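In structure tokens below, several structures.
Shared between the two complexes below is chain A, which has chain B as its partner in the first and chain C in the second.
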Partner chain A sequence: MRYSDFTPYDLILLLNGLGVSLGLFLATTIIGVFLAVMFTLVSYYRIPVLTQVVVALTEMLKNSPVLVQLFLVFFGAPAFFHVNMTPVAAATLTISLNTAAFAYVIMRSAIASVDVEQIAAAEVFGHSRWQILTLIISPQAAAFAIGPLVGLMINQLQVTSLISVIGVMDLTKIGNILNLRTLQPFIVWTAIGALYYVTAKILASVGGRVEKNLRRSVVWGGI
Partner chain B sequence: MNRLWRMLEPYSGFILDGFLLTLLACICAIIGAVCIGAAIASLRTSQNRVARGVAFAYADIFRNVPFIVQLFFFFYGLPELGIYIGAFETGVIALSFSGGAFVSDVIRSGILSIDQGIIEAAKVSGLSRYKIFTKIVLPIAMRTSVRPIGSVLINLILTSSILSTITLNELTGSAKIVASTTFRPFEVYAMLLVLYASLTYALSAAISAVHRRLNRSMEIGA
Partner chain C sequence: MILIENVEKTFGTAKVLRNINLQVKPGEVLTILGSSGSGKSTLIRCLNGLEKLTDGKITVDGHDVSTRQGLAAARKRSATVFQLFNLYPHKTVLQNITLAPVEVLKHDKRAAEARAQELLELVGLGDFAAAWPQSLSGGQRQRVGICRALAMEPSYLLLDEVTSSLDPEMTGEVLDILAELAKAGTTMIFVTHEVEFARQISDRIVFLEQGELLVDMDVETFFAADGGMAVPRIAQFLSRMKKDGVQ
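So, the complex of A and B:
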């Protein structure tokens, strides 16, 4: 019973967990968005076999639980391919691919949202496909995609809580440890939930600012 | 493939049990989520400021806190309050609450998209406010929001795998046991991936059918 009270050190533990969660979230977001851009380029240039591979992979990733994907990478891959896998590596790989799958769909629909006439006009002016993508499509597509992408990121922040199941010391895992030691689930889980909530709100406000910035050239005339 | 089947065959009944438990949990949670979602959505569009504020806070909190944290909150917290229920019931309650927050968002935007003229016409016809809401507003809102609700429900099925963390042996939980008895985690989890994908495909086909049925009067040439 001696160690069942809360101690000041628990705050450091919580901050530690928050740091791990945030670090993993940032890393997977950067890798995931990069991968999604690669996937989008593959489908934009309609590279024969790769396009089908990307479509099949993203469909599979979108239609299965992240938890199962984590188990497949963390428990399955080492047994099948005889590779070493640390919890952090497995978590980074899985969440990055998962982010990439959803971001890819958003980016593709953003490209599809640009008027076909504009592209036809650019082709008439003799622009190459790369020039069309970088000069004409991407500025408009970015303004379209930023809202859904911020929504996706807030969702992915919550998905990172699942990595506690394979033993990464993130915020949820710290919550588990504190819960088992103090046996005060209400206080512990409320605090953990509040930390996630505040982080998500900060993320949303930053995203809103970026969106406003990207959209300042898009004048919405109303319907 | 044949060798894989021979290895998994003794466990197929066990996996099937898990599959049925997942199915049962999802059906209960879907019903709960749609009911809670409709109730919260009607509060969020009400004239009463307090009701609106409470409903908004509910949806905001349940959408911005990870499901696993909510689940642990219920699983460890409810016994503190003297409510002793099993892991299955806890899981269904948590899934319904968190699903309800997302469903309420969809139904709310369905309600807000209704033409004001329809409501005015109903008022002129002398219908009570309750009748207007249940007989006119809600059916139209449900009809327009079938597809977005469908994607929320698919997400709910995928989220149900998290119930394995509170000792519930649903599909993921039983697959975990099989993986650790056969020492073939890769094959087992790959099979699990395919099972979940087929479950979500089945649900999206069902949603399309419901969408067609509810919107049958909208079809051109119908």
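So, the complex of A and C:
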């Protein structure tokens, strides 16, 4: 057996890489969505100063490449602030913030899509702003937002592949290693691509099911 | 008692309400007539706090709607039925009715549901408690809207052009219920274009014209030749309403 042959151990490597990618994806999605909810609350209650901070931060995050942000966090921050930054920490921080920025925009527009007259009705019936958010707006906004959010997540799953350039052993990095060793780029990258594809498809189908459930009460355009 | 004193409302440079003075006593059915854009709906929206007054004062049983606490108290005393129903599409018919009694008035959930069911039966929708609002016709939705308002046990029922988006048959369904309520002594402020119906159920009629209160008369005087009909603008309005077949 030549060093450049595929071995059964490569499968374990691939699964390992997939695990790292998935773990990072899940962690950044949870952190990102949590941050997005916080950002949305800040803007819903129009908290002074914080609202402006959220707007400025999300604008920066949305309008610059994730790879540049990653380099800034991984190479720039340690040099400037003299902090230690591991590749995983840099990747988690960058992608979480990036997810947060886009999820925030989706949540804001979903809230804006809820009919204002319904909100007026809820106000007149004496509901508090918090009750209006949780009882009237959120269930409907969730149904509006879930489609775009699932789309964003599928995109962010692919975006995690960028972290391979700073040395995180994710699926793409494993692909790189296998490719250099076997010199079989077509086979390696087909396998890597297929793994991302299957993962994304599973994510989409779970998302689709959640969406269906959220929308069960609403025959859109029926009003 | 609802007291409206020297109320002014401007949107930008447009004066929508000019020096409105009005009183509504408990048990009274007051109809506000006027052409589109005369300020009728704005007046209702000032009463329930959806619009802030530019000047003047509105009190509901002594609670000033321009203060935070006053508005909260005033809103517990009145309930509004909207032109476009404004039901919550993600809640069933029953949930639409019980939401505010349970969450705002802190009524027991079971009791609120039983009361909602009673109200639905009253308006002929007893079998629709579990239905989604979107599956109902316009007239049925508006009857649910009325139940939602009545479930708050309001002292004052504010009706903002509640039949304007319904066809004549559905209008009939809704008006029948309002007539029942009027007979039962419910205090109502009724913004409408249904002149004939207003004549049947109202105690008093006021006529708004370009934000000004043109007349404030009891219903007999309003329709009498030497009363409201003596005002050229009102005679014109009423004859046009008849000509358009809007009753």
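The rule is short, and it goes like this: the second predicted complex is superposed on the first by the 218 of 223 C-alpha atoms of A that agree within 3 Å, B and C clash if a C-alpha of one lies under 4 Å from a C-alpha of the other, contacts with A are read in each partner's own complex, and residues count from 1 in each chain.
Just so it is clear, contacts are C-beta pairs under 8 Å (C-beta built on N, C-alpha and C of every residue); 3 or more make two chains touch, one makes a residue touch a chain.
Please read these numbers as outputs of a predicted model, since none were measured by experiment.
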item: If touched residues of chain A are counted for chain B and for chain C, the larger one; value: B
item: First (chain B), second (chain C), both or neither touched by A:Phe75; value: first
item: Touched partner set for A:Met169, first chain B, second chain C, both or neither; value: neither
item: Touching partner for A:Val33 - first (chain B), second (chain C), both, neither; value: neither
item: Chain B versus chain C as contact partner of A:Val66, first or second or both or neither; value: first
item: Partner chain(s) touched by A:Asn179 [first = chain B, second = chain C, both, neither]; value: first
item: Touching partner for A:Gln131 - first (chain B), second (chain C), both, neither; value: second
item: Contacts of A:Ala120 with chain B and chain C, given as first, second, both or neither; value: second
item: First, second, both or neither for A:Thr190, with chain B first and chain C second; value: first
item: Of all residues in chain A, those that touch chain C in their complex; value: 115, 117-118, 120-127, 131, 135-136, 139-140, 143, 217-219, 222-223
item: Residue ranges of chain A touching chain B (in the complex, touch as defined); value: 59-60, 63-69, 71-72, 75-77, 79-80, 154, 157-162, 164-165, 172, 175-176, 179, 185-186, 189-190, 192-193, 196-197, 200-201
item: List of chain C residues in touch with chain A within their complex; value: 48-50, 72, 75-76, 79-80, 82, 84, 86-92, 99-100, 103-105, 132-135, 148, 152
item: Chain B residues touching chain A - in the complex, by the definition given at the top; value: 61, 64-70, 72-73, 76-77, 80, 154, 158-162, 164-165, 172, 175-176, 179, 183-190, 192-193, 196-197, 200-201
